[in-house]
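So, here come the structures, one by one.
Paired with chain B in one complex and with chain C in the other, chain A is shared by the two complexes that follow.
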Partner chain A sequence: MGKTLFEKIWESHVVVEKQNNPTLIYIDRHLVHEVTSPQAFDGLRQNNRKVRRPDLTIATMDHNVPTTDRSLPILDQTSSVQIKTLEKNCKDFGIKLFDIDSPNQGIVHVIGPQLGITLPGTTIVCGDSHTSTHGAFGALALGIGTSDVEHVLASQTMWLEKPKPFEIRVEGKRKNPHAVTAKDIVLSIIKNIGTGGGTGTVIEYRGEGITDLSMEQRMTICNMSIEAGARAGLIAPDEKTFEYLRNREYTPKNYESLVDSWKGHLKTDRDAKFEKEFILHIDDIAPQVSWGTNPGMTCDVTDSVPSPDEFSNGDPNQKRGAEKALDYMALEPGTLIEDIKIDRVFIGSCTNARLEDLIEASKVIKGQKISSHVKAMVVPGSQMVKKQAEAMGLDKIFINANFEWRESGCSMCLGMNPDILSPGERCASTSNRNFEGRQGTGGRTHLVSPVMAAAAAIHGHFVDVRKLDLS
Partner chain B sequence: MKGNVIKYARDNIDTDVIIPGTYLKIHDYAELATHAMEGLDPDFHSKVKEGDFILSGKNFGCGSSREHAPIALSHSGIKAVLALSFARIFYRNAVDGAFLLPIEIEQDAYDGISEGDEISIDVSVNEIKNITKNQTYKMKPFSEIIGKIIAAGGLFKYKPDQD
Partner chain C sequence: MESFKKVISIVTPLDKVNVDTDQIVPKQFLKLVQKSGFGKFLFFNWRYDEQENEKPDFVLNNPNYGNSQILVAGDNFGCGSSREHAVWALLDYGFSVIIAPSFADIFFSNCFKNGVLPITLDQKLVEKLLRETGVIEVDLENQTIKTPSDEISFEIDSYQKKILLEGLDDISLTFQYEDKILEFEKQSKVPSVL
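On to the complex of A and B.
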């Protein structure tokens, strides 16, 4: 029987496999950031261990770095300590660090691919759940906790129970690909399969609806695999993948021979079997807006907020969850999504802060001003994205529309730095999680695509971007 | 293991409510624990006692990979979380660091156990006893692998079987 892409990558990385034991797999790349690594380095010191492969380990600071003027000192003492701790750890253990002043600094899942560190067929881990992003390149990319970070630092391996392959086929063509984006595809998937729909699996996204996407759009899809509970998400590499990674700063010297070895091999065999399957037809899907407090609580922009009964299908826990979500979000069932007024707009995060995201959003706002009651910000995913966007004049388009144009980092996606919502504020956000308090205590998050966020900033409420001229 | 139950009768308790992002900068675990569950239940810290259990629905611990989540619960005194299902990174972190036991339960235990009930858990026979209500439920057994890591006291103490 044939093998799935996941099984091929898995098998080529097995170090030890015995019955009734977890499998020890080799890790090709370990990405490190300031929040989930300090205790891991402490653990190494306490046990007199070294980093096994500093050459395969790369660090940056993204989660709590300020997105304001970087020449100013960081006043928050705990943030400052965490940043300095990573600097010291990288120095002590010989790890390459893209620090706060580096032109390569940025969200770890944005810079990996941008620098050619993320490669097809590899295993990648990072102490961050959105590591699944790198799966867009046909890598098996896993988010791990701090104990596993320490284990990988010490051994370049990790123990893992083998996940099950899950096929998600995305069929059809979007009628308006500028208005209906990769974000809308992945939100539609999660809306359908649920936040636990992928638990214990590695999703492979396949079909015309996926191969049609650019690499940056594919990253948006794989990024949110974790929001469906999956261990990882991946997409078989193709010419777009190979082209994207060509001539990047850290692209291997023998790249073309690597490409030859990937072609034909890094794909699911015709007769391979998946353990689970879901098909999404995208010909007629609408832009998506989340209304609740997890990414599965999402509907079309043309819908109204559902009642807990409608949403729950008779499941009492789902009903209670929906009631609590509506209470937290201060929404009444039956309210049209387009009538929901917003206070803040956040264009950023490892889901949607790449160059294409900023280009698409800028088309919506060009020559316009944001609504007078809205505060809006753009936080580019990396310094490189910021520089490229500035070279295209995108910063001016955003600034002229009264957006704030910030330095790169995770920012308001998770509310670790001063970029947070105030209690009760409602935000159209291009990030990945609408959990209670995620963007700041009492903050209300609606997950949307960059074009939907930009349009909401201009109009002060959600609008169906299919009605706008986005060409 | 014996203790009282704090019940959150809903699915999808995420790591952002278990320990909000703003506290991920805290390195002192005792201080971290004072903010456990703050995003969902601001009274948690004042009511939780050493040896208590949390009971909840499906997909407990979904979201971020932050190990701070099981650490904050563990340092609050929580010895086990009983849930209909777990998000895998949370489950793995709880086991790897030997912070607390993630115990998968069936619907009967979820429905039968109420807030404040005193229960005892015997993982050697996969049994949960509700002392308050004099009921007994089965827990889903740990996989052999997870059981071995738990019995060893976490990932760094676990030694794989030798040939």
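On to the complex of A and C.
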């Protein structure tokens, strides 16, 4: 029987396999950031262990860096300590660090691909659940906890129960691909399969609706695999993948011979079997807006807020979850999504802060001003994205519309830095999680695409971007 | 890591589905660089109001559950962020057993690295435990939960069970396979980053 792409990558990384045991797999790339690593480095010190393969490890600070002027000192002392701790750890253990002043600094999942560090067919880990992003390049990319960060630092391996392969086929063509984006595809998937729908699996996204996407759009899809509970999400590499990684700063010297070895091999065989399947038809899907407190609580922009009964399909636990979510979000069932007024707009995060995202959002903004009651900000995913956007004049478009144009980092996706919502504030956000308090205690998050966020900033409420001219 | 012993305690019922790790430890408490002391931040936004007064209707603020070591919750417990701080907070607060119909993968794996036992049970049994007011006994060795009226058996991976019972450090275990790791590295064609 044939093998899935996931199984091929898995099998080529097995170090130790025993019956009734997890498998020891080798890790090709380890990405490190300031929040989930300090305790791991401490563990190494306590046990007199070193980093086994500093040459396969890179670090950057992204989670709690300020996005304001980088020449100013960091006011939050605890953030400052965490950032300095990463600097010291990288120095002590010989790890390459893209520090706060580096032109390569940025969200770890944005810079990995941009620098050519992410490669097809490899295993990649990071102490961050959105590591699944790198799956867009046909890598097996896993988010891990701090104990596993320590384990990988020490041994370049980790123990893992083999997940099951899950096929998600995205069929058809979007009628208006500028208005209905990769974000809308992945939110539609999560809405359908639920936030636990992918638990214990590695999703492979397939079909015309996926191969049509650019690499940056594919990253948006794989990024949110974790929001469906999946261990990872991946997409078979193709010419777009190989082209994207060509001539990047850290693209391997023998890249073309690697490409030859990947071609024809890094794909799911015709007769391979998946343990689970789901098909999404995208011809007629609408822009998506989350209304609740997890990413599965999402509906079309043309819908109204569902009642707990409608949402729960008779499951009493889901019904109570929806009641609590509506209470937290201060929303009444039956309210049209387009009538929901917003206070803040955040365009950023490892889901949607790449150059294409900013280009698409800028088309909505150009020549307009944001609504007088809205505060809006753009936080590019990396210093490289920022520089490229500025070279295209996008910063001016945003600034002229009264957006704030910031330095790169995770920022208001999780609000570990000063970029947070105040209690009760409602935000249209291009990030990945609408959990209670995620963007600030008491803050209310609606997950949307960059164009939907941009349009909401201009109008002060959600609008169906299919009605706008986005060409 | 300490070896896992029998746990005898009343259960704390947290009757919610999709409890995410942002709720277990909100992000403002992730800036510490050590593993200890996270218990006071456990479920912070559900435990305290804006003035940091205890919210009386939240279960952890009910003094009856003060010494409970067993948390029972709904489906998909621990979803979202990979932050191991969530497990550190549960453990530091006093919970060493978490029972739910299902868990998110990364959280589930993080539990075993810290001596916390996550038990997956059928929805109906979890609902029964959510209503259980008596003392129960969780016996990992025999894979049983004894309630005043019942004895429930549970499944656990034999490797994970051994890790918990013996309090093993899995990095030391891995180092026993040094020859295999070296062998793998010799044949690997993946280039260094630098």
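As a convention for this text, the second predicted complex is superposed on the first by the 471 of 471 C-alpha atoms of A that agree within 3 Å, B and C clash if a C-alpha of one lies under 4 Å from a C-alpha of the other, contacts with A are read in each partner's own complex, and residues count from 1 in each chain.
Here is the rule we go by: contacts are C-beta pairs under 8 Å (C-beta built on N, C-alpha and C of every residue); 3 or more make two chains touch, one makes a residue touch a chain.
Just so it is clear, the model here is predicted, and its values are computed rather than measured.
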item: Side-by-side fit of chain B and chain C on chain A, or clash; value: clash
item: First (chain B), second (chain C), both or neither touched by A:G207; value: neither
item: Contacts of A:P308 with chain B and chain C, given as first, second, both or neither; value: neither
item: Chain B versus chain C as contact partner of A:M416, first or second or both or neither; value: both
item: Broader residue contact with chain A after superposition on the shared chain, chain B or chain C; value: C
item: First (chain B), second (chain C), both or neither touched by A:G460; value: neither
item: Chain B versus chain C as contact partner of A:N317, first or second or both or neither; value: both
item: Chain B versus chain C as contact partner of A:G172, first or second or both or neither; value: neither
item: On chain A, positions contacted by chain B and by chain C; value: 16, 20-22, 24, 35-36, 38-39, 63-64, 76, 78-79, 81-82, 127-129, 143-148, 150-151, 159, 161, 195-196, 199-200, 226, 229, 231, 294, 317-318, 320-321, 324, 414-416, 433, 435-438, 441
item: Interfacial residue positions of chain A with respect to chain B in the complex; value: 16, 18, 20-22, 24, 35-36, 38-39, 43, 63-64, 76, 78-79, 81-82, 127-129, 131, 143-148, 150-151, 159, 161, 195-196, 199-200, 226, 229, 231, 294, 296, 317-318, 320-321, 324, 414-416, 420, 433, 435-438, 440-441
item: Contacting residues of chain B [partner chain A, same complex]; value: 9-12, 14, 16-17, 20-22, 24-27, 39-40, 57-59, 62-67, 85, 87-89, 92-93, 96-97, 143-145, 148, 154-156, 160-161
item: In the complex with chain A, residue positions of chain C that touch it; value: 15-18, 20, 22-23, 26-28, 30-35, 45, 50, 74-76, 79-85, 87, 102, 104-106, 109-110, 113-114, 157-159, 170-171, 174-175, 177, 180-181, 184-185, 188-194
item: Chain A residues within the chain C interface of the complex; value: 15-16, 20-22, 24, 26, 28-29, 35-36, 38-39, 42, 47, 49, 53, 55-58, 63-64, 76, 78-79, 81-82, 85, 96, 117, 119, 122, 127-129, 143-148, 150-151, 154-157, 159, 161, 163, 195-196, 199-200, 226-227, 229, 231, 250, 252-254, 258, 261, 294, 317-318, 320-321, 324, 414-416, 423, 433, 435-438, 441-442
